[in-house]
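Structures are listed in the sections that come next.
Both complexes below contain chain A, partnered by chain B and then by chain C.
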Partner chain A sequence: MQYGMIIDLERCVGCHACTIACKAEWEVPVEFNRNWVHRLGPSKVGNELASTYYPGLCNHCAKPPCVEACPADPVEMTFKDTQSGKTATLAVAATWKDPFNGTVQIDKNRCLGCGACAEACPYGARYINPALVDDVSSDGKADKCTYCMPRVEAGLAPACVQTCITNARIFGDLDDPTSEVAKYVVKGAKGLEPKDGAIGPNSRYFGKKKDMTLLFQDHTPELADMGSVKRRAMMAAMVKPAMRKARDLGLLGLAGAMLVKGLTDKKDEST
Partner chain B sequence: MPKSATNQHIASLYHFLAQCMHYPDPQWMNEDFFNILYQLLETLGAASEGKEIENTLAQSSDPIEELQIEYTRLFINGFPHVVAPPYASVYMDQSIQGGFALKTLNFYRAKGFLMEESADLPDNLIHELEFLSLLAEEADFEGEEEFLSTLFRPWYKQFCPRVAQETRHPFYRMVVTLIDSFTKEEEEDGFQLNKA
Partner chain C sequence: MAFNLTRRKFLQTASLVAAAVPLSKVAYAQPGVAKVSLEPKGTMGDTTVVGGLCEMCFWRCQLIGKVRDGQLMKLEGNPKSIDNGTSICARGNAGVKLLYDVDRLKYPLKNVGQRGAPIWKRISWQEALDECGSKLKAIVEKHGPQGICVFPHGASAKYPMHYFERTVGTHNVSEASFFQCRGIRDVAYVATTGKAPGEFVDMANTKVIFLIGSHLGENIHVSHIKAYIKGLQNGAKLVVADPRYSAAAAKSDIWVQIKPGTDTAYLLAIMNYLVTNKKYDKKFVAEHTAGFDKFSAAISEWTLDKAAKECDIPAAQIKEVAELLAANAPHVAIHPGRHVSWYGNDFQRERALACLTGILGAYYVKGGWVPPKNPKLGKTSWAQQEHGDEHNLNVSHDKKVHPFNPPGTPTELIRDCAISGKPYPIKGCVIWGQNPMQTIPNQEKMKQVFKAMDFVMCVDVMPTDATMWADILLPESSYLERHDEIKAGTGRIKADDKEPTQFIAPRMPLVAPMFERKDQVYITNEIAKRMGHAKDIPVQTLEELVDKTLATANITLASVKAEGGIHLQPGQSGYGVPEDFMVQLFSEEIAAAGFPGAPTYIAIEEVPAGFARLLYGRAPVHTFNRSQNNVWLNQQMPDNPVWLNDEVAAKIGLKDGDIVGFINSEGVRSRTTTTVKVTPGIRKDAVYMYHGYGSANPLMSTGVGKGVDDTSLITKIAIDPESGCHGMRNNFVKLTKDGKVLDIPA
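On to the complex of A and B.
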């Protein structure tokens, strides 16, 4: 099973009801988004004028780079298939891809708040919510779209899907050939695969050729340099406690910095 | 790249390392300072190296003066000659304030930074670490990488072993090793303090 979402650009009217519903449902801070709608065009595509929207959210990728980036110590977790009751035990970091429903989830209790996953996500679908702090992280916790799993498990549709006034968002199991989402894939719905990447985004778009061209030309992302993202995150996680103490004690900068941001406040001193 | 806690911690780290390379002064080189250093070493899996520094300091009647003497011998003036002047040009141009210093200054300027009048030469190790801290704070990750690979590592990898081998004080051996580890491009995603 692989949950996925189709966004039918032919139906989307750019009303933002999905972004508002998501914010309300999950108390997403004003400055962050689990989903978004960007207006595209009007732009010339070939000899035509194209105008559409980019409603984006976590793609719950087949090979999610955010999961690989997580530096938290792996622990064994047992997953349960809600349909068959089967279980599987895997060693996972603080974020993982569910082996049964294919969604990418976060354990906020173990999240270090380092931000490596957010930097690794080519879609910008993750953010660090600074309001979520605990003993593990005083920097906040990573957060993102969950495909509304708590709602789905309770038999509801994701909040953005339920609220969409034109039924432009369709949610279901991509592995079930009889599902509406799978039928859209057969018709040509495509995900925004990054340049040089094969991470398999499971939120897919369907629309007129010119609109799809505009969307893909404007919003095909690039993969982050994973080696350095993870290295920096690990480095930061290791030095964090000592550096926080250094800042708290005012120890940094006692010797005086000699480099200054110059171009804006350079004074013309005439002698 | 978003401004994140990761960048903030890395900026603080560069700043702390720059601080370590200043002339020892009890104003900052105090108990708090050493406790932070020990804590840092402990989380990096180098608690025994921290202990070694602690023991060396404890054995001295005036540990700060001892560090000042060693700092002078290593970086300012020594007999028969100074061990390792902390300036890039010394290693890249075989002179002080050579073309490499100018290149470094131009890089600062291109990023919008000027040097205070009281500052040392632009290619001084402390200024370079301060600059890396400022870049990290601004989340200029590409600038950081470029500076490290073109202007920092080429000379630092010559400077570091000189200090590590010649120093008589574990504090400076540890500090230059820390700077080395944090500025080195790692083949893997790991961080390694001890040579393996």
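On to the complex of A and C.
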């Protein structure tokens, strides 16, 4: 199974309902969006004028570079196939690709907030939410579209799909040839594969030829500079041992914590 | 240090600052203890409250609220809705941020500074109402009821508007939705067909959608857009006449890049072609139209070539469109438009649209103009009392100045009277939900009106550029916090249902009002008591008003709530031309009033050398100025880039993203700047921007100064002579950059 989303640009009117419904559903901070709508053109495409939209979101890629970039210590996680009930146990970092439904998810409790995954994503689909801090990260936590898995598991459509005023967003299992999304793929729906990349984006677009040309011409991304991603991840990994110590100290309890806080405050003043 | 990991933060981490987090989070380190959730919960588990009726715009989509611990987390389309369904637009979704906008009006305020430069002092409701009541009463006693002018907008303004109009007795009411928006459309169609057209085109089932300037997609009303896209998906051809490659033009089969202001000439040429070539609906014309011969003769000058020259479009394209309409008639949706206050010649254009629909036989047929048969509801409000026309500014020597005016008095007549004091003084001003600074052209004139007043009161949910001019400013409960008006309409439960279903959806509160906000019935009644009208009060509460109205359909608020917020009942098809339905192709009534009896093209002022015509329109994420301070919507489109033709931009050295201001042909400069959007998608003689940006009120902490206020540049006033409504696209601008004025090349 591979969840995917089709965005039918023939239906899309560029109203941004998807973006705002998502903000409400998932309490996305004002300055960030888990999905977005960019208006393209009017520009010349060949001899014609064209104008369309780039409604973007996490592509829950086949080979997600964000997952590879995560420096958090892998832990074993057990995944369950909601259809067959089968389970699989994998060692995953703080972000992973679900072996059953194909979505890419984040464990914010283990996220180091280093931003390597956000930098690795060619689509800019991830952001670091600075409001989410804990003893693992004071820089915030990586966040992004989950394909609304908690809603989907509760039998609901993703928030953006539910609110879409023209049914331009269609969600389903790309691996099921009878699904509407799979039929769109047969009709020619395409993902924004990065230049020189083969990461397999699973949010796909369908539209008039000139509109697709405009979208792909304006928004085919480049792969991230993985060297830079790695350096960022490495730096975060270096900090980790200290972090673990911090956690252990937490076991000292409140008195210890307050003592340390006092010490730290003093240190703050001197730095 | 790089990677966003500053030395300080590194040290903090290394020095175990993490231990300073609350114990609940520290506990996470212990195995077996529940993790602290950093994940938002989602709204699946929240309490669903039914009965919401959106008013982020006037379309009134039906809502449910998701409420958590008394806080509204999210709005969704009511799953029971057969209108918008579970869909709501960006603005609808962002209603949560209007509700909790920190800048919202919270308490009654008194202006202890100047009008226009207010200093606000919080006062009690008692004091505020005493002040409003006594000041307005004094004005009525000294100058008569005509001494009060009213600028209402929205659902909450209806009740107070009726009070001032029907009970107090002033004619001086100017609704922006009529005099600066759709009034011309309504009166032109009423004069032609006897019916206000709404936007009742059966786009979902049509073969051709014909839009004159309607930019569906930038202009979003959920069920309307649903029908539009359904029609396109079913294979309808789309024709869009617009000087700009609008959102609709981008979906069109034929884009008519028409010269601004010449649309009527275009429509006349299409009609003349259809008549001359006998491609009109002869049966419909014989049975349901009047004045065909006079009409045909009057439009006969409009050959394809003549219109091509006037409209600056190819003659062949006019013919192509005419042929397309004829080939698909009567299943063609000739859209009447919505905001049509463009050039001061708009009554005639709207007449032409109504006549084109007529000669194509496209009334009451599948895919044509089909008014829904909506549920009938009685009306509950202030009783109409007789006040005569003695002080009606639109009546002079027993003749109407603008004979085809929409309800109320044409705005310019009110403003001229208020400023000059002739024929009588207007000394009190009630603004209720409208922002006349950004709906009515020529802001200096509006300021003069306010300055001429003895008393200005304003009721709104948010600060606006108009509230700055109030003496007393009252905070109103929003559409999410009160009962209110009822949306009654028609839809289909299942898309393939043969017969339509009717729905009745009264507004019910989703959460309780916060601070000291009050609804319109409370505020109006309290003022009415102080003005001596206690005995005329029709209802004690807003809830009572709604319930009384629902009683006329044999339902109650409680019963509708139990039904999930929407009452459904069997409906009737709108197809089938009523026997007495007539289209006045040549109208003797209009001719007798001294205007052309057949639709007539009246040329507008040409663009002066060095200038471009200022065009404006809707942003999909905003309702004019009303939503500018909404943090979610502002974040989506923080400014209103000015569309500039790419060749023009190259000549004057402007690039995409450059920051520019404006100066108009009357020397008025924009207060703020915006960015340039360079595109081949607009004519060289026009520029375009979204309407409603550039707020001046500093109390709108998110919206203030963002983008440019197009209304500030609309200083030349055009009046549509038949209706008295404004035309607002006869203003010309140059761009300014770094203080330098840039001439627009021809």
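Definition applied: the second predicted complex is superposed on the first by the 236 of 271 C-alpha atoms of A that agree within 3 Å, B and C clash if a C-alpha of one lies under 4 Å from a C-alpha of the other, contacts with A are read in each partner's own complex, and residues count from 1 in each chain.
The rule is short, and it goes like this: contacts are C-beta pairs under 8 Å (C-beta built on N, C-alpha and C of every residue); 3 or more make two chains touch, one makes a residue touch a chain.
This is a predicted model, so every value here is computed, not measured.
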item	value
Which of chain B and chain C A:Asp139 touches, first, second, both or neither	both
Partner chain in contact with A:Phe79 - chain B first, chain C second, else both or neither	neither
Partner chain(s) touched by A:Thr52 [first = chain B, second = chain C, both, neither]	second
Between chain B and chain C, more extensive residue contact with chain A	C
Which of chain B and chain C A:Phe216 touches, first, second, both or neither	neither
Touching partner for A:Gly227 - first (chain B), second (chain C), both, neither	first
First, second, both or neither for A:Phe100, with chain B first and chain C second	neither
Contacts of A:Ala118 with chain B and chain C, given as first, second, both or neither	first
Intersection of the chain A residues that touch chain B with those that touch chain C	114-115, 139, 231-232, 235-236, 239, 242-243, 245-247, 249, 251-254, 257-258, 260-261, 263-264
Chain B partner contacts - residues on chain A that touch it in the complex	113-116, 118-119, 128, 139-140, 226-228, 230-247, 249, 251-255, 257-264, 266
Touching residues (chain side chain A, partner chain C) in the complex	10-11, 13-17, 19-21, 23-27, 30-31, 33, 37, 41-44, 49-52, 108-109, 114-115, 132-136, 138-139, 141, 148, 150-151, 154, 156, 162-166, 168, 211, 231-232, 235-236, 239, 242-243, 245-254, 256-258, 260-261, 263-264, 267-268, 271
Contacting residues of chain C [partner chain A, same complex]	2-5, 7-21, 23, 25-30, 35-36, 38-40, 42-44, 73-77, 84, 86-90, 92-94, 96, 216-218, 220, 222, 225-226, 229, 232-233, 245, 247, 249-251, 255, 620-621, 631-633, 635-636, 679-682
Chain A partner contacts - residues on chain B that touch it in the complex	1-2, 4-7, 9-10, 12-13, 15-16, 18-19, 22, 25, 27-28, 32-33, 35-37, 39-40, 43-44, 108-109, 112-116, 118-120, 126-127, 130-131, 134, 141, 145, 182, 186, 188-191
